[in-house]
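Each chain carries a letter (A, B, C and D) given by its place in the written order, and its residues are counted from 1.
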């Protein structure tokens, strides 16, 4: 399907503030960006670079006053999310080198603490995809999804203690559980068509049977319409914006995802 | 200045043909892409990747029939080309690792054959920027610039024998001369505002005093308005399109560069 | 100075166990490896790769039984640790891209929680090197160094609560404090000549004035003799060994560092 | 089999001369380095880095006088060279991104000129491995192998004109022929057990059926015992040493490869 995604962030800046933004979705194996706009008001010099995970990041210093970022993309993405019941676990020794870092514990995914719990949740499952599916189902039925309840990332240990969280929190717990079973898992931040209430979204991917599969415990049924902006080990790696100096929060944030006709593209 | 660049390529394909395109200019230290379109007619699956030089490349298989590629970009680029007379040569041992490969001979820049000639052309010059400027001046006065005279890249040796060439040819010879003096040099392919006749353009950069500087022997005076699409050792690395199987040439090619008002962006 | 470092690890394996080892120090800007041995008993197939941080890692599957890893290196390293009082803080916008990821919170360095504490510890210091030196001094006088007290990494928050720790723990807290001040910091694992009791060692580096500087709160006075094996954001990235499946601990571990004459090399 | 390889290079230096050496074989999927020595006389500071192809390179400035490089490695490598008659051609669209650059013409492999010749040599062969095997056979029977006949690399076009060459020359022609058929091919420089007369060696690899296969037109029958030092597009990328400034050649060069017992390792 063809989607038009947009994101508007507005900040009220008091002192010159360095930002690293990650707001340019990138074409790859799963999606194709046919049109894109990225505007900054006021206009400031920007330098773009690629991070360790292949994400495009934009560096700039926001001047005092109202500072607005506006992005729009027309993206071709899959109509359906691939599911693969029974797809096998990949032995560590057969994983590609580039996937290995997704096995390690990270800031918000203390996988070194979840081995017993993950083993219990996935008891009786075939090793691989079915384990991750059991984790996704367990998250859906156990951790209450409360969109908009939190601005600050919390780690999997705390999500598990609270038994509730935003999309990012559920993903962090899912990732920690997967990694504790030696299944590589990563966080994805992006857009989802039909998300209610509409906002930026986060989900997770697990590596089984030689490729990454999408999982999302916030949705009862996974439909297509996912557009990835960035990938990483957890929210520390894939922040839509990182800002340095005195904390600054968006005074306004608007996200929109529309289905468009291919002819409009 | 803000420029709107566009490129249209049309091919008449007889058998399914794999292509690698390099037509998405990338934001970086020198330019910022504020808007961009990339369309393919008919629409086919595309996978994008980053090559060894940091260029974004698009892989696809063109189906039989008319196949058209259309790209448009709104780009902020410098009003002036930086010049730095007297800027010093960087000793090999002080070059960044990533720059070293631009010292080696490459397909179209047989730098291993030009040492005596480069020494003669740059006699009396201070080592560094002034040597490259002398090479640029020599190229401008010696090698006749004949836009549109050649479709197939030829190497620096042959350019020197012919004493004439297209923009790419002059650049190849300039690069070979620089490298023979142990000055890193690379080819840039992109757009130039005001180029006459308008077409895709190629120029070269040399690394002195800790950064890359722009040189272009095809222009009497270097004004701003350069938009880079790709960087590489020579035309073998930065082809706007590489196509595999029976040779296919564009049946139509259109390039346009307009000055735009920032408000239009 | 020339050092001969050795490390012996012995495991008692019950089921075939995948390992990722990081035991090959690498030549670079700071040290030169003139001789090296790396043996495995029994001999098994090994594949070596380079991780995201540039470390050489060895992948293998250890067979059931006694499994021993033995490494020896002859290394040229600096006689003195560079100190640079007054060296300035690097503004975020001027940091190299490759350094940015060392600003982010990570598994064992929750820098997002230490801003107030770091500000207090470094009150009155010139921004940059002097702040890091104040953190190092504070660690030395506040957090009790207890070598050998812990096998399992704990995070900066917990180290701060316990007020004691091993070399890795003090480093994690130092790193978290630096990053909370927007100073890039990373963990280094390796050898230190004269360490008592002799063991593998961990220290940290901070990026100020355009380069990495060494800090080590476990030593009263920093002498030379540091040999780096690996770099990373924290202990999750630079484990000397990562092992998958049922936990396995070394049954024996021997580390030795000797001063050698250059003629022996 | 276990091999002990050694290489000694001696230069007579007149002015301080920057060198980039590539003399440290690297462990990988095909070989394991169990012991290694790398000494320089006189001892000078060295910085090591990894180039675009994954090779370890050493940068240094050689001082005036006799300058000697001595390397020894104990390496586990395969007893046999894998052969795979019938292994299929990989369609361009299915090649890994990292392999694509080995399709392009390069300094010494002008693949853009060899399409007709390669088609003729491989007439009737199944696409893929069998084409490369036909090229290897054709080289063996057509281009006279004259070890030691040349110090300066020449390109495939000239090798084909001369109808003779050293191991590197035959490889360059083989690579150019493969690439002209859209088969990725690369040059390997290293050691070969049993080579007569003993020297550094060069051969080529072609990518078919999802992996690289070894080809060597200088040997009547391919036995095992290959130890790779470096990989690249051609000899411009994989020079054992690159030296800058006035040309310097080794006054002495010694290469040795011995079969060793595993117990000696």
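The definition used in the following text is that a contact is a pair of C-beta atoms (placed from the backbone, for glycine too) under 8 Å apart; a residue touches a chain by one contact, two chains touch by 3 or more.
Worth saying up front: this structure is predicted, and the values here are computed from it rather than measured.
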| item | value |
| --- | --- |
| Interface residue identity across copies chain C, chain D - same or different by half | same |
| Inter-centroid spacing, chain D versus chain A (mean Cα positions, whole Å) | 43 |
| Chain centre separation in whole Å, for chain D relative to chain C (CA means) | 36 |
| Separation of mean Cα positions, chain D and chain B [Å, integer] | 30 |
| Contacts with two or more other chains, residues of chain D listed in rising order | 49 |
| Chain pairs in mutual contact under the definition given at the outset | A-B, A-C, B-D, C-D |
| Chain D partner contacts - residues on chain B that touch it in the complex | 18, 20, 49, 51-52, 59-61, 91-93, 97, 100-101, 103-107, 110, 112, 152, 182, 236-237, 242, 244-245 |
| Complex contacts: residues of chain A adjacent to chain B | 26-29, 32-39, 43, 45-50, 54, 56, 58, 76, 262, 265 |
